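Below: one structure in structure tokens.
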Amino acid sequence: MRYYIINAEGKEVYFDVSTGKQTRDGAVGFEVKTESDGTKNYYMKSLAGKNYISQDMISWEKAPKISNNKGVVNINESLNVYRGFKPSGLGQGSAGTLVTDMPGKVVKLLTAEGAMVQQGDTLLILEAMKMENEIKAGVDGVVKIVNVKEGQNLDSGHLMIEIEE
Amino acid sequence: MRYYIINAEGKEVYFDVSTGKQTRDGAVGFEVKTESDGTKNYYMKSLAGKNYISQDMISWEKAPKISNNKGVVNINESLNVYRGFKPSGLGQGSAGTLVTDMPGKVVKLLTAEGAMVQQGDTLLILEAMKMENEIKAGVDGVVKIVNVKEGQNLDSGHLMIEIEE
Amino acid sequence: MKAKRILICNRGEIAIRVAKAARELGHVAVGFWTDSEPQASHLEYCDEWIHLKGSSNAETYLNMDQILKVIRERGIDAVHPGYGFLSENTTFCKKLEDAKVIFIGPHPEAIYKMGDKAVSKQMAKEAGVPVVPGSTGEIESAEEAAVVAKEIGYPVLLKAVAGGGGKGMRIVESEKDLSKNFDAVRREAQSSFGNPGVLVEKFIVNPHHIEVQILADNKGNVFHCFERECSIQRRHQKIIEEAPSPFIGEDEDLRQKICSTAVKLAKAVNYNSAGTVEFIMGEDKSFYFLEMNTRIQVEHPITEQVTGVDLLTNMIQAALGEPMDINSQEEIKINGHAIECRVCSEDAVTMLPAPGQVNGFECTFPQGIRFDHCIYNGLEVKPDFDPMIGKLIGYGHNRAVVIRKVRGALRGLVIEGIKTNVALHQVILAEESFQRGLYTTNYINEVQPQEKVEELKSVESLYKKALAIEINAIQERRGL
Amino acid sequence: MKAKRILICNRGEIAIRVAKAARELGHVAVGFWTDSEPQASHLEYCDEWIHLKGSSNAETYLNMDQILKVIRERGIDAVHPGYGFLSENTTFCKKLEDAKVIFIGPHPEAIYKMGDKAVSKQMAKEAGVPVVPGSTGEIESAEEAAVVAKEIGYPVLLKAVAGGGGKGMRIVESEKDLSKNFDAVRREAQSSFGNPGVLVEKFIVNPHHIEVQILADNKGNVFHCFERECSIQRRHQKIIEEAPSPFIGEDEDLRQKICSTAVKLAKAVNYNSAGTVEFIMGEDKSFYFLEMNTRIQVEHPITEQVTGVDLLTNMIQAALGEPMDINSQEEIKINGHAIECRVCSEDAVTMLPAPGQVNGFECTFPQGIRFDHCIYNGLEVKPDFDPMIGKLIGYGHNRAVVIRKVRGALRGLVIEGIKTNVALHQVILAEESFQRGLYTTNYINEVQPQEKVEELKSVESLYKKALAIEINAIQERRGL
């Protein structure tokens, strides 16, 4: 079983997990193998309907039940965890590629294809969760693609604007 | 599917339950058929991880998850609920048959086989849950069987004493 | 007392809070679910569940026709609007009045007068309540705004007439930024409140946001439940509140003065429900009336914790014309301290909303924590809804104890699957000027706590998170 | 402050309460599990879990050798004993002292003096604290008891020297019942406390059980946190407690008098921890010292709720020699009212223990409820353990509000699979003399609330219960 964990900035951590044996007092052992840390042993135990993880069977930490198949978990930032395989087509836009990370509505478009822009220029205003958010250029360059119209409702992951450096 | 519900005093309620169809908004219908009340319809719905029961799909009541196979539930007194079948050998002792309803230890035996007893006489003292409990005769009569010794540890359901009226 | 059928026109944590109070008083709590939220967790505390057709807020919680139809069909006696949605809508109040249904809130005139910033300011002036210098009415254009701004001096604050909760507000430092910001506020005002009216006023430097809780009934009782300080804000929205105010501190004269000023205004509008008078307080402890919120507020629990007064049950009693639990001002006392952290589905660093689905949730709290929330494993936080999904409230003997308790609670609050601002709260509660109680509404901008949020914990935690998924898979296979 | 490693020598709800406090203060909470309770739910709040071999209490929580072995092996700095088990055992204190481990409780001399009823009575007399007339030392035989009883007059109370919590106590109305009861008390005293010593004293008619919470440290601070009334008892065990006492009511002079009397006794034994001085108060408001409990008590939460003082964190601070959160008597104030119902696995009518396994558990509570408990779906209540599995605590603005809240909470507390006394609490909280606050320790015997417990609810509920099992079966099939 191999896990890939890919975080919001495109960083990727992967490691193998294999299930070991049940111990005498009801804990289940896991082996986690990584390139950087080698092999580590973890134990899981269910207690009064909750799950706990330990490395030494003495110090235990609560492991919340993660209930959906997407397996997104949260380590201050949200991470996508892929169980057992790496999905195709995943990747992260460069600073010049503006992609929505939440659904929203284009309130105002402030640029056009062919325009020269500087890093930090506001290119469009996106209303999402009742807030106006200024979407700014991540690099200096020329606007190559504008894939939105004013008033348009966008889904998450929509490519809005691409800038050529 | 037939349910038997048998309470501590040996009262018995039984009825048929059949599962109906899933409704549009995720509720599941049940039909409950009884001799006294005829057929009634109930609906079950899961909401945010909890279960609810309704008769009209408007007024809902929480239905705690009952998690073990024995299916003991509690309506002020504890009831044994038997799912789908009536187990053999079930029955309730008469007032002259003294059976433990919890594990305990015989501290003092105050009667013997052949003794004449009156209703309310203390026949033995049973220590359970750190308390001394006086076990009393339920009827007037003669002690036929004494099935305990002082100091003996008893399981639940142990016949201690039988009195012939 | 006959049991009333109380309809809760709201969702999330406040719907739960209202339902708890309605049931406690022996009434029937009737709640809504919509097509966009069939798993509405607040229904756990409702006796009856009604389907509001539609998904958007406009089709459901703002849809008066559909709500009134439900009221007629289900024999509703009284409506609690919670906060937001129809809580300060006089048209809704009027329609309820016509339908002979009790609105659990103040009389419509109070909502109208206090809901309009220009009118409320005028009312305050007449009642002898100090107000911030600024435009006396709506400003129609950026040019007109510039004239007023020049008169009262920069910096100035632009705000939507119909606004609230920090939405539709911007600070302008100089004339060159005025026009762009004026347009933006008008746009936000129109889209959020359906009213593009804008006001201009003097911006107080190093200000404190201090508000007074009012509790009043139809029998002429107008009590205050002391103050809250809500100066920790981002984008003019409160994220941490506390009671009593650390800025007022031990100054009992000032406390009495601001509280009695609030009562004065409430009496001037014949206020007859729970409400909040908001003030801005300068460095010199002078304070000005900002606005009155004619509804129960998000941060009401900290007042409940320090006074022991249940604001919701009293609010319902007042509306139904029953005697309130509280009989006199003297009964209401502060004991201890309380702090609330608003838990939002947003990026802890950028503080931008981040909708998503919760797929893991655990609480392991110290003693003295109250968590008003609507979170469960599976909750979908939609862009339509407010990103606030919970309020972590700590109560203790003094401020230092409460900070310790809330920090412990934040460590024990695990929400997986969505981004939250829990890590930001951890930074703020550990930060020195917050701990010393020395902060103004500029706190976030000046201290920049978001920069201290840890980007990523150890790889160790990554393994554990992945194992949590594996454990779940194993348990599913075993049917646990 | 360096983090200490704190071992909790207890189980159930009090182990959870102690662990919460230890963690809040930044210490490491170390907890036990035993062979009879591998699913010990209190470990949820413990950082480290240690296996105590064996099943009976004698093999585990009372087994000093095994516990001391763990203390050495796991580098423990301090031990919290909770209540019961080794909480008032001076031998254990001595062994900890030898091992250079801090005992989170008072110094052993205070435990010894207050733990022995004859010695404590003598101490109280010397400190000028009034005591109930009775034997001055242990009574060896029923004959000797009869002599004392004749002298002080019937009715008399027989009680175990080493007892507590109502175990090993009996009232004797006349000489003819003395011999039989004396034997029983000696037997219970021997089996429960390992000490057959018995005392005889005057039995006060229509008495109130009123106790004062003490909080003291090693620095000479001895504070009180006001009183609790614990007069609702069955078999001399408290089942409902409240703070403040309705019998003392508005009589602030009496309140000050009983509280300062308690402080006087605590000072006389150089008390240096959390503890409770118990009094019996007659109809005429005269009060007599009963005993001092030199540990944290079951009913401590009601004091925490009305004063805002966290007794556990202060108790730990005191033992570790750190400054307590509380600095002066003046800081400690009562605001509002609190009531606690002990939820026990027992028959609601006969009030006899009824062990079993919980197989369904739900809480749907009003605002203002605290539930300290160790219940979960699957909990096995064993005959070895105390039948108390939870404490339902309501807090509110006044007594009437709290009664309303607790009644709401009792309606929303569902425990399936075992018998509980929830229905009995419902009857008591609805009963007129309780609601008026007019009750004595004779309440259960005189009012007989258990007779009003509904034997069986409608057949309707039977169907619903059965459906709950069916739902679970369906969900299991679907893997939900």
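By letter and in written order, the chains are A, B, C and D; residue numbering begins at 1 in each of them.
Operating definition for what follows: a contact is a pair of C-beta atoms (placed from the backbone, for glycine too) under 8 Å apart; a residue touches a chain by one contact, two chains touch by 3 or more.
Please read all numbers here as calculations on a predicted model, not as lab measurements.
Chemist: Between chain A and chain B, which partner chains are common?
Modeler: C, D
Chemist: By CA centroid distance, what chain is farthest from chain D?
Modeler: A
Chemist: I'd like to verify one number: the distance from the centre of chain B to the centre of chain C, where each centre is the average of its C-alpha atoms, in whole angstrom.
Modeler: The separation of the two C-alpha centroids amounts to 50 Å.
Chemist: Let me have the rounded angstrom distance from the C-alpha centre of chain C over to the C-alpha centre of chain D, please.
Modeler: 40
Chemist: From the mean C-alpha coordinate of chain B to that of chain D, what's the distance rounded to whole Å?
Modeler: Between these chains, centre-to-centre, one finds 30 Å.
Chemist: What are the residues of chain D that contact at least two other chains?
Modeler: 44, 364, 377-378
Chemist: For chain A, write out the residues touching at least two other chains, lowest number first.
Modeler: 50, 62
Chemist: Within the complex, which stretch of chain B touches chain D?
Modeler: 1, 3, 5, 7, 13, 15, 17, 19, 28, 30, 32, 34, 36-37, 40, 42, 44, 46, 50-51, 53, 61-68, 70-79, 81, 83, 101-104, 107, 127-133
Chemist: Note which residues of chain A are touching chain D in the complex, please.
Modeler: 25-26, 47-50, 58-60, 62
Chemist: Chain A touches which residues of chain C in the complex?
Modeler: That would be residues 167, 184, 187-188, 191-192, 235, 347-348, 352-357, 359-362, 364, 377-378, 383-387, 414-420, 423, 453-457, 459, 461-475, 480 of chain C.
Chemist: Spell out the part of chain D that touches chain A in their complex, as residue ranges.
Modeler: 38-41, 43-44, 46-51, 74, 376-379
Chemist: If we count contacts the way the header does, which residues on chain C are in touch with chain D in the complex?
Modeler: 17, 20-21, 23-25, 44-45, 304, 307-310, 312-313, 325-326, 331, 333, 335-336, 364-368, 395-398, 400-401, 404-405, 408, 476, 479
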